[in-house]
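The same subunit A turns up in both complexes below, where it pairs with subunit B and then with subunit C.
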Partner chain A sequence: MKSVATTPVSVTSSRASASLRNRPQRWAPYLFLSPYVLLFLIFGLYPIVKSLILSLYVTNGPKDALFVGLANYAFLLHDHDFGTAVWNTIVYAFWSVFLQLPLSMGLALLLNTKWVRGREFFRLAFFSPNLLGQVFVGVLFTILYQPQFGLFNRFISWVSGGLIPVDTKWLQDPALVMPAIIITSLWMYVGFNMVYFLAALQAVDQDLYEAALVDGANSVQQFFAVTLPSIKPVATFVLVTATLGSLQLFELPYILLGNGSGPKNAGLTIVMYLYNNGFQTGDLGYASAIGWTLAFGMLIISLIQVRLTGATKANA
Partner chain B sequence: MPRRSLSTLISSFPFGPAALAMLVLTILSGLVLAFNPPPKKSATLTYWTFAKPHYDSYVKILPEFEREHPGVKVDLQLVTNTGLPQRLQAAFQADLDVPDLCEIEISSAGTFFRGPLEHVGFADLTDRIHKDGLLDKMVAARFAPYTKKGHIFGLPHDVHPVMLTYNRELFEKEGIDPNSIQTWDDFIRVGKKITIPHKRYMAEMVSTGTDEYEICLFQRGGAFFDANGNLTMDNDIAVKTMEFYVPLVAEGSKNQVAGSLSSSFGSVIVQGLQDQYFACLFTPDWRTGGLQQDAGAMAGKLAVMPLPAVEPGGRRTSTWGGTMLGITRHCQNQDLAWELAKFLYLDEKALPDRFRTTNIIPPVKHSWQLPVFHEERPFWSNQRIGEQFIALADQVPGQYSSPYIDTAKGKSTEALISCVKYYEHHGDDGFDAFVRSELKARADEVRRQIARNPY
Partner chain C sequence: MAIRPSIVLLRVGMYLALSLVACLSLIPFVWLVAATFKSSGDIFSYTFFAPLSRLTLGNYKDLVTTEPFLRYVINSVFVSCAGVVVQLFFSSLAGYALAKYQFPGKKAFYLLMLASLMIPGQVTLAPSYELLYRMHLVDTFAGLLIPGAVSVFGIFLFDRALQQVPDELIQAARIDGCNEFRIYYEIVMPMVRPMIGAFCLISFMGMWNSFLWPTVLLHSKEHFTLPIGLSQMVTLYSSQYGMLMAGTLLSIVPVVALFFVLQKEFIAGLTSGAVKG
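Here is the complex of A and B:
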C-alpha cells in the first residue's frame, strides 16, 4: 500500500497506458486469424461434421432424411458399382504412379543434362498441357479419340499399317476406356511432375557427383547412389500427391466419357460415384458415406507410402 | 508536412500498416457495393430451357405473349442440358434462384419426383390439366412420364415418333426400294447387301449404350419401368429385344448390319452420313431438325421411312426422348405461368413457327391439321415429313419415368455389352439362357438400390 502511495502519478499513468496499448497487441494475432478461422468453421469444419452425420442417414435432398446408422457403410461393402469404382480408381492410380512418375523423372533427367539444346523450350512444352485444365483436355481428347475421323485413330492406324482399325472405339469399348484415360492423363501430368523432379535435380550438390566420379562410379551408380537419395524427399512428395490426386480423379473421365461413367462403368471412379449418388440420385447420405470411406482409404495409403519411403526418418 | 503526418498516421495505427490497409480496402469495397447494387430482377417470369432449338423458337414468339399481357416480361434462359438438372436440384434445395418455369428432359424428370408429394419442387398441374381438357386435346400417353401417384407435374412438349432416315442416293444406286422394307427381317436382308464391316453399315446402332436398344424395346411394348413404377428391364419383352438387337451389332455376326461412331450427334454423325459410313439413322422428329441444321451438304439426298415392324402389320414407330414443362412451387404467379405454358405449348399462333424451327410435332392433336405440318420439305427430298410423323403419332408407345431410370439404363447397357461379347464368342449357343441370366442379374442390382432407399 505504501509503495502505491509513494508511486509518482506520472509513472502510474504511463504504465497504465502501456498496458492499454499492449492489450490489443496481445489480441492482434487472434484478430488477424479470425477471418480464416471463421471461414474454416463455416465452410470447412461444419461440412465435415455435417457430412459425417449425413453418412448415417438415407436422404432425398436436404428435406427428407431417415436415420439408418451404419447401413450406408454396410451397403457399400456389397455395392457392385462401388466395387467397380474402387477397382477403376486403383488401376488408374497404379499406372499414374508406375508409368507417369518414371516418365516424369526420365524427362527431368534428360532436360537436366547440359547437351540438350533448347531445354527451356522443352520444359515449357512438356509443362504446358497442365495449364489447360482437365475439362479442356477432356474435350480435346474426345475429338482426338473419335473413331473413323479422330487424329489419334488415323495416326495409329497409319503407323500400324491398318492393323489397328481406324474406327477403334477408345471411349466406347470397355477394354479401351481406362487406357484412353491413362494416356490422356499422361499427356497432361508427366510435364507437371517433371518440373518437381527437375527442381530437385538442380538442387543436388555437384560435389557429391565429383566425389562419386573420383570413387570410380559410373553414371548408373551415380544415379542410384547420389541422385536418387538426394531427391528422395521431393520424390516422396510427388509420389504422395500423385497418388492422392489419382484417387480423387473425376473431371477428366467425366468429360471424356460424355458426362457419364462409360460403357459398363469402365470409367467410373470413386468421386464420380459419389457425385452420381449425391447430385443425380439425390442421396446425400450415401454420397457422404462414400466420401468418408475414400478419405479413410487415402489416409491409410498415404501413411503406408510415407512409411515405405522412409520420408519421416529422412525429415527427422 | 502532409507526407510526414500520413506516415505518422500509418505507423501509429493500431496493429500497424497491414491492418490499416485491410480496413481501407474493406471500407472501399463496401462503398463500391453500396453504390453499385446488383440490378433488381425486372422479369415477371423466369423460364429455363436446355434445348437450343426450343430457345430459338421461343425467342421469336415470346414478344407476342408479352404484347398480349402488358407489363409482363419473360426472362428466357438457355441452360446446358447437362447442367440444368443439377442447377435446378441445387436451386430447389437451397430455395434460391429457382425459375418460375422449367423444361426438363424426360430421362431426368423422374429424379425430381422423389420423396413425398409435398416435397416435389414442381407445382401439381393435375387440376389445371383436367379443367382445360388437355388429356383429350393432347396425346394422353405423353403425360405418363411426368405423373406420380396420379398427380401430373409436367406438360408434355412433344410426341417424338421415330422413323428411319435413309440415304436416298445410296438406296437408288444399290437398287433398294424403301417400300420393300416392311419388317425387321426385310431390313436385315437389305442390310447385308449394304454392309461392309468397318467401312459401311446399313444403320447406326450402338453396342455400348441404350439409345437404339431402347427404341427397339419401346417398339415391342417394353420399358425399363411400368406404369406402376415396377422395374421391367428383365421381363420377356426385354429378353426378346436383346436377342433381336445383339446379332445386329455383334462383330462377326452373320446378321451384323449396324455399327456406330463415338457420338450420335453433331459433326461426327453428319460426317458418317456424308461418307456413307451409315445408310440409315434412327430419327425421331427432333433429330430431323438437327440434321437439317448440321448436314446442309446432304440437302435433297435424305428421306425418311417408317421403322420396320417386328411382325407384318405391327407397329411402325417407337419413341426417343421427350421434354416436360413444369411450373415450380416457388413461382409467385402460378396463373400467369400457366398462361405462358399454354401459349408456348398449345397456341396455334406459336406452333407453326416452332415446327419450322425444330421439326418437332406437338402433342396437341387439333394443331396437326395446320398447313405447316403438310408442307413439302426440299431438304427431305420434298417429302412431307410433318405429315409422316403425325401419321405415326398415335402409335407412339408410352414410356414411364422413375428416379432410377438412369440406373436401369446403365445396367441394361452393362447387360447389352456382356451379351454382345458372349454372342461374338459363342453365337446362338446358349445365348437365350445367357441373356436371361444377365438381364436378371443386372436388374437385381437395380432392385437392391431401390430397396435400400425409401424415397
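Here is the complex of A and C:
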C-alpha cells in the first residue's frame, strides 16, 4: 500500500520541478515587471537625471537653454520671493502638523473607546472632506470665506458673540491668508489622519491592556506605557507623510487666492513658486533648482523626524 | 448595574465632542448642496436652503451654457477610468511577480521602487514636460496616462495582498498546464477582489482630483479635466457663486458615490501598508 501511495506523489513533484527549471516561470516575473521598469527608465530616471542637468541652465521654455553652472542655486539664496515661499511653507507645515495630528489622535482615541456607538458613522463623517481634491475644496472655501455673507464669518462671529467681525477679510488681508489656509487644511485632513490612528489603535494587542490593568495602571499611564509604544510605527508614518505632504502644498492656496499667491505673496508656497517660474515665466532650469532644493529639504526633515521618534529602533 | 453619574457626564461630553466635529465636517457639504439651488440674489440671504418656491436649477443651466462643462466631465471620466484600468493592470501584474516568484534581482526591484518614492514629483515636473514636448504628447490624454501607467503604491499594495494566495493553488494550475499569465488573470486576481476595489477607488480619486501635472500638460479647453476647468472658472466668473458651487458639487459627486460603495475596502487598503507593516 505504502509504495503505491508514494509513486504518484514523486511523479508529480518531479514533473513540477522539471517545469520549474525550463518553463516560463523563469522569465515570467521579469516580463511582468518590465512595464514598470520601462516606464521608470523613461518617465522616472531620465527626468531625474535631466532635472539635475537642467538646474544648471537658464531656460526659456523647453527649447532655449544657457549653461550657468550653480548660479540658479546661488540665486535662490538671495531670491526674496523664494525666501517668502519657504517661510510660508514652513509655517503652514508646522501648524498643520502640530494642530492636525493631536486633533486626529484625540478623535481616534474617542472613537476607539469600547462603548462608543456609531463609530462607523463618525469615521465616515470625519473622513468625508478628504474625498474632495484640493481644487474643489479651494473653490468651495473661497465662497465660504466671503466677508460679510460667507458662512465661515457668520459662524465664527456668532460663536464669538460678535467679537470677531462678520466682515473679516480672510483671503484679502495678508495676515489672515495663512490662518485661512491652515483652517481649510484642518477641515480636509484631520479625519484622514484619524483613520490611520484609529486603525493602529484597533490593532493594539488587548492583552497588553489587561496586563497593565493587573499592574494597576490608570488610563493615562496605560496610554503612555501601552498605547503610544504600540502605535509608534504608524504615528511616525503619519507624522512623516503629513509633513512631506504639507511641504508640497500648492493647489489649495493657489485656488483659494484666485489662481495666484495672494496679497503680498502671503499664500506663496515653494511648489507654487516652482510652478510660476517653470510654467508661467518659462524657466525650467530655475524650476528644477527649486525642485531639488525642496527634495533635499524634505529628505533632511523626514530623516530628523524618523531619528527623533526613534521609529527605526522600534522596528528593529 | 448602576453607572456613576461622573461617567455618564463624561460619555455625554464625548458624544458632544464627536458630534460637534462631525457637524463641522459635514456642514460645508450641506451648504454646498443648498447653494447650488439658490439664485444669486438668494445665495447669502438664506443661510442654508431657500424656501421650496424659490429653488432654482438656473445655476446648473448656466454651468452647461456658459462653459463646456460637460466636456470637462467627459474628459475627467475618460482620463480617470482609463487611468484606473491601466494602473490596475500594470501594478497588480508587477505586484504578482514580486509576491509569488523567487528570482535573481528581486531585491534590486524593491530598492528601485523605494528609491523612486523618495523623489517628489515636483522635482521632475520641468524635465517631464520637456520630454513630453519632444514626444509630441503635450496637450494629449496619452501624455497624462502613459507616464503614470504604473503606480508604485499599487505594486506594494498588490505585493502584500497577493502573498496570501496559497502557493499550492498556483502550483496545481501549472500542473494542469495553465500558462503564467492565465494563472495571474484567472486564478490569482479573482482571489483579491476587495483589494482590487480599494486600489481602483484610491487610484480613481488620485486621478480625478489631480491638478498640477494636468494643468502643466493640457493647454486647450477641449482637453481640460474638471479641476483645470473649475480653476479657470474661479477667475472668469468669480462672482457667480451659484454656478461655481454647482460645478463643484457635480465634480465631487462621482468620488463620493464610489466611496460609499467601496468604503470598507478603501479604508482597509489605505491603512494596510501602514498598520501591519
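Remarks
Quick note on the criterion: the second predicted complex is superposed on the first by the 292 of 316 C-alpha atoms of A that agree within 3 Å, B and C clash if a C-alpha of one lies under 4 Å from a C-alpha of the other, contacts with A are read in each partner's own complex, and residues count from 1 in each chain.
Keep this in mind: a residue touches a chain if its C-beta (ideal position, glycine included) is under 8 Å from a C-beta of that chain, and two chains touch if they have at least 3 such contacts.
This structure is a prediction, so every number in the text was calculated from the model and none was measured.
After alignment on the shared subunit A, the placement of subunit B and subunit C results in a clash. Of the two partner chains placed by superposition, only subunit C is touched by A:L274; subunit B is not. Once chain A of one complex is fitted onto chain A of the other, the partner contacts of A:G133 are limited to subunit C, with no touch recorded for subunit B. Shared-chain residue A:S261: touches subunit B; no touch with subunit C. After overlaying the two complexes on the shared chain, residue contacts for A:A28 are found with subunit B and with subunit C alike.
By the document's definition of touching, both partners, subunit B and subunit C, reach A:T142. Considering which of subunit B and subunit C touches more of subunit A, the answer is C.
With both structures placed on the common chain, the touch criterion links A:F75 to subunit B but leaves subunit C unconnected. By the document's definition of touching, neither partner reaches A:P253: not subunit B, not subunit C.
Only one of the subunit C stretches 81-89, 153-161, 171-179 or 207-215 carries C-alpha atoms that clash with subunit B in the superposed arrangement, namely 171-179.
Put simply, subunit A uses residues 24-25, 28, 32, 62, 142, 146, 148-150, 258-259, 279 to touch subunit B in one complex and subunit C in the other. Against subunit C, the residues of subunit A that register as touching in their complex are 12, 15-16, 19, 23-26, 28-30, 32-33, 35-37, 39-40, 42-44, 46-48, 50-51, 54, 62, 107, 110-111, 113, 115-116, 121-129, 131-136, 138-144, 146, 148-151, 154, 187, 190-191, 195-196, 199-200, 203, 233-234, 237-238, 244, 248, 250-251, 254-255, 258-259, 271, 274-275, 278-279, 284-285, 287-288, 291-292, 294-295, 298-299.
On the subunit C side of its complex with subunit A, the touching residues are 11, 14, 17-18, 21-22, 24-29, 31-32, 35, 43-44, 47, 90-91, 93-94, 96-98, 101, 103, 106, 109, 112, 116, 118-120, 122-131, 133-134, 146-147, 149-150, 152, 155, 171, 174-175, 179-181, 184, 205, 208-212, 216, 227, 230-232, 234-235, 238, 241, 244-245, 247-248, 251-252, 255-256, 259, 263, 267, 270-271, 274-277.
For subunit A in complex with subunit B, the residues that touch the partner chain are 24-25, 28, 31-32, 58-64, 66, 71, 75, 78, 80-81, 142, 145-150, 165-167, 169, 171-174, 258-259, 261, 263-265, 279-283, 286.
Residues 14-15, 19, 82, 85-86, 89, 92-93, 111, 114-116, 119, 198, 206-209, 259-263, 268, 271-272, 275, 277, 403-404, 406-407, 410, 413-414, 417-418, 445, 448, 452-455 of subunit B are the ones touching subunit A in the complex.
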